[in-house]
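Once you scroll down, you'll see the structures, which are given as structure tokens.
Both complexes shown next keep chain A, but they swap its partner, so chain B is in the first and chain C is in the second.
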Partner chain A sequence: MDRVAIVGASMTQFGQREGWIRELLAEAGRDCLATAGIDGDDLEHLYVSNMASGEFEGQTGVANAVAHDLDALPAYTARIDQTSSSGGAGVHSAWQSVASGASDLTLLIGGEKMTHRSTAEATDVIASLTHPAEYKHGVTLPSFAGLTARRYLHEYDAPRESLAKVAVKNHKNGVDNPHAQFQKEVDLDTVMESPIVADPLRLYDFCPITDGSAALLMCPESVASEYADEYAVISGIGGATDTHVVHERADPTVMGGVVDSSTIAYEQAGLGPNDIDVAELHDMFTILEFLQSEGLGFFEQGEGWKAVEEGVTDRDGELPINTSGGLKSKGHPLGASGVAQVYEIYKQLTGTAGPRQVDAETGLACNVGGFGNCVITTIMEAGQ
Partner chain B sequence: MSDREKTHDAKSDEPPMEAARYPDGSILYPAHPLGPDGQEPIEMVDLSEYRATVVTWTTSTATPSGVREPNHLAIVEFTVDGESVRAIGQLTTDEVAIGDAVEPVYAPELRDPDAGIREPDSQSWDGYRFRPVK
Partner chain C sequence: MDRVAIVGASMTQFGQREGWIRELLAEAGRDCLATAGIDGDDLEHLYVSNMASGEFEGQTGVANAVAHDLDALPAYTARIDQTSSSGGAGVHSAWQSVASGASDLTLLIGGEKMTHRSTAEATDVIASLTHPAEYKHGVTLPSFAGLTARRYLHEYDAPRESLAKVAVKNHKNGVDNPHAQFQKEVDLDTVMESPIVADPLRLYDFCPITDGSAALLMCPESVASEYADEYAVISGIGGATDTHVVHERADPTVMGGVVDSSTIAYEQAGLGPNDIDVAELHDMFTILEFLQSEGLGFFEQGEGWKAVEEGVTDRDGELPINTSGGLKSKGHPLGASGVAQVYEIYKQLTGTAGPRQVDAETGLACNVGGFGNCVITTIMEAGQ
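And now, the complex of A and B:
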């Protein structure tokens, strides 16, 4: 079977942006088309990953809007919403469109405009994904992180500082990412002394609220050289769903969607956890980097914190995780994040990551929706 | 987690804390249309009559509009007829630890229905908080 190649990629500046959602999406789309030297009307499919433009901005129909703005008519278009994993779900849809033969040239754009809302408003928009039995108690995504972190530290006798070291590592990586919201290092004391947000987690254990967008261009590998000299291929991709009600999961420290989605992706790629050279994980909260690195099989259950302590996941470590700075430093514009994760792996595999470059032939991106409610795992390899 | 017997009778003027029992014996809170075995519930169980054990807890200080701040929350585990069932809910205090025993306490309004993004008429807003048992 002809594999799906990524022949173009772009990412806009993440942070507090002046543009609204249509402008952000069009900016990433135009930049991505330019990397491959094509026009909008060359596209056959166009997908837009976005969680909540209607709730944040009162703008719905963003797929149609951006298709028009990019002069992509009459390409088939659709908006993909899978909450925080909308980006990964968009990668899955774009991959399907090419792998199935339905499209020979597909553009995916992910984006979100959030910073014009207060923290309380943005938190409520995101928390609206919860079950009514959770929502009425004021349960938020950060509070799920606090609940899980306390259980993890208790269960595995991990030091609180190990979580803080995830933030320190990812902020350090973000310094070399010109698109990151925070290009600034933080030290352990700063993280440990920052205000409590969801006990035992503090402000620096959480990603910021962010505007931004990213895009990917996909085609069959057999024609990839028509668009790019260097490209990456998606060799495995899997999506999986866990319970809507988070407390029903048998073990609060295990994300079943991560395990299940990666099992599919590994099998499809014919690879295992030990074959992965670099990974982008969904560190919306520091605790998630532990849960995902264990669920993906990089480390044994309850051992992920030790890898961070030992520097295994540093940029110059055995398995670099979040060379982009992760959501923690780069920012988390909901619909863009899963696309930007794949952008970073694409940059690493095509040798264009600049000062962030590591030695990698295979990479993995794991995008988490809700609190592990929906997960997409994508495995990529350098194009031949 | 603890295996506790029925502790008291619910007050007649308070609604039950309804969990559902399914044909395979599992009990889920909240009730779902279908259980783990894909079948409909066979009966409802009132968890307000039982004590539970704290699995984990947190105090959230960044709360949405209409939610108390700080908001103490816990995941707790009941044992009903030998079957474990978990629930999430507000705590009455942050003077609590993993493994502590708690009991449900009815609250007529857990957050302001008119202050959040969700349509007020789309769901109920009362429920049970958890109070440590001395």
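And now, the complex of A and C:
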């Protein structure tokens, strides 16, 4: 089967943005079409990944709205929602549309508009994805993160500072990402002394509330050169679900969805963890970067924190993680994040990452929905 | 390429239901798994088509919730939203998941829980899919339907009664559908004398607000016999978008999305309109049955009303339309409707439609999002 190529990519400025979700989506869409020099009506399929435009803005039907705004008619459109991994699910759907032969040219746009709502309101909308058995006790994703972080530090004798160093590293990377919400470094003391949110996690252990969008253009690899000189291919992609009730997990420090989704992706790509040159992980909370780096097989269980301490995951380390700045510094517009992760890997594999550029022929993006309730892992390689 | 087979199908009682959306979804899912004698953890992918669980119930993450309820872990899950055509978009996604080779066993469950909200509230949530340029003037889908019906009657010298006869026919069919919301006949006078909603359309020209769900199990045709003796195959499926701003359409009596989506589906199936033996159309409003039957090429433009007058689309006619009772009598739980249309065609093609059974080797389902903003047409054939 022909592999699926990514022949164009874009992301908007992430942060606090004016306007409606549809305007943000159209912005990334137009920029992405421009990178490949095509028009909206060249598209066969157009997917929008977005969690909650209805809940945040009272606006539904955003996929049709954007098809209109991009003059993409009569392209088939649909919205893909998989909570905070909507972007990864959008990548999965767009990939399937090309891999199935249904579309020879698919645009995916992921986006979310959130900052016009208070942090409490946004957190509450997101918490509505949890199981009612936990939700009714006041559980939110930050509270799960705090509980999990405490358990991890206890189980693996990890110092509290190792979590803070994830934030320090990713903020440092974000300085070189002109689209990041925060383009500024933070030092260890700032993280360690920031206000407690969900003990032991503090303000700087959390990603912000963000507006933004990102887009990808996909086609069969056999025709990729029609659209771009440099491109990337998706050589493996897998999605998997973990328990919806978080307390039912046998070991809260193991993300089953990461393990299962990456197993599918590695097998499809014919690659293993040691073959990956660069990765974007879903650091919605600092603790998640450890759990994912272990679940993906980059490091042994309970040793992800050591890699950060030792600089292995720094930009100039052996396995750079979150060269984009991650969700931590780049921001986390729910439906955009999984798309923006793949955007970063695309930039790295096509040698267009500017000051963030690392030496990479393969890359991996891991997008997490809920508190690991659903995970999509995408493995990419540089095109020929 | 191996065609995609439908090897199991179910639908719940449609109507006013107790419980949450996730319970309705799980009910159809369990019934569908049972028809094929498999367990949840046999699934590779699980899609949920649903427009607005967040807006209607404050519940998001329903795909993960249902994967949990069906013990389907670690199956990959996502929610597909394409407004009132979410069900058809779910069929499209589930089909792509198998056709791409990503999944060898996919369950799709479509559902919506609406009746706990008032008709005005539900209509307003649905209206949020329209373009802001029209929405701000108070436009709703029923108002578009009234305007379009008036134009159609004027353009094609159709009698008002022809619209009412769609309701009479579909209610008659619904009597034999034990899952239909209304299992009762209505006569022409009842329709013609019911309260005006959007002139010239009256109460009985509209589908009701409904709770319900429906499910389909799909696999490659090559392994279909492992799951079922009788099955159906999807031989063609296409989706297409029309203008998001309804007043921009050159001819309001032509549904461009129906024309474009069916063109794709017919070509893929190697069939034409004359080859179709039975069809389920999206009669959210009676006028839409005319427009679709013309857009699909069953009848010449402006002549769909004559077919109804002449009994061509009756259950014992030459081309039975909406043997299930249609959205009109069966009900219209947004995310379920497109799935339930395919369920009905599956029942007809596998000879299991009971008192509704017609003689059919091929069938077509046409699911409409918004006011034709997006349309998905699915063509099916009896399996061998």
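Keep in mind that, in the parts below, the second predicted complex is superposed on the first by the 384 of 384 C-alpha atoms of A that agree within 3 Å, B and C clash if a C-alpha of one lies under 4 Å from a C-alpha of the other, contacts with A are read in each partner's own complex, and residues count from 1 in each chain.
We adopt the following convention: a contact is a pair of C-beta atoms (placed from the backbone, for glycine too) under 8 Å apart; a residue touches a chain by one contact, two chains touch by 3 or more.
Note that the structure is a prediction, hence the values are computed from the model and not measured.
With both structures placed on the common chain, the touch criterion links A:119 to chain B but leaves chain C unconnected. Look at A:345: by the touch rule set out above, it reaches neither chain B nor chain C.
In the superposed model, A:256 lies in contact with chain C only, and not with chain B. Shared-chain residue A:137: touches chain B; no touch with chain C.
In the overlay built on the shared chain, the residue A:101 is in contact with chain C alone; chain B does not reach it. Of the two partner chains, chain B and chain C are each touched by A:245.
When the two structures are aligned on the shared chain, A:196 is found in touch with chain B, with no touch to chain C.
The larger set of touched chain A residues comes from C, when the choice is between chain B and chain C.
Applying the stated contact rule after C-alpha superposition, one finds that A:217 touches neither chain B nor chain C. Of the two partner chains, chain B and chain C are each touched by A:55. The intersection of chain A residues touching chain B with those touching chain C, taken from the two complexes, comprises 55, 125, 128, 131-132, 245. Within the complex, the chain A residues that touch chain B are 55, 119-121, 123-125, 127-128, 131-140, 142-143, 146-151, 154, 195-201, 245-248, 252.
Those residues of chain C whose C-beta lies close enough to touch chain A in the complex are 1, 20, 45-46, 51-52, 54-55, 58-61, 63-65, 67-68, 72-83, 89, 92-93, 95-97, 99-102, 125-126, 128-132, 237-245, 256-257, 260-261, 369-370, 373-374, 376.
Chain B contributes residues 28-30, 55-68, 71, 73-75, 86-90, 94, 98, 110-111, 116-118, 122-127 to its touches with chain A in the complex.
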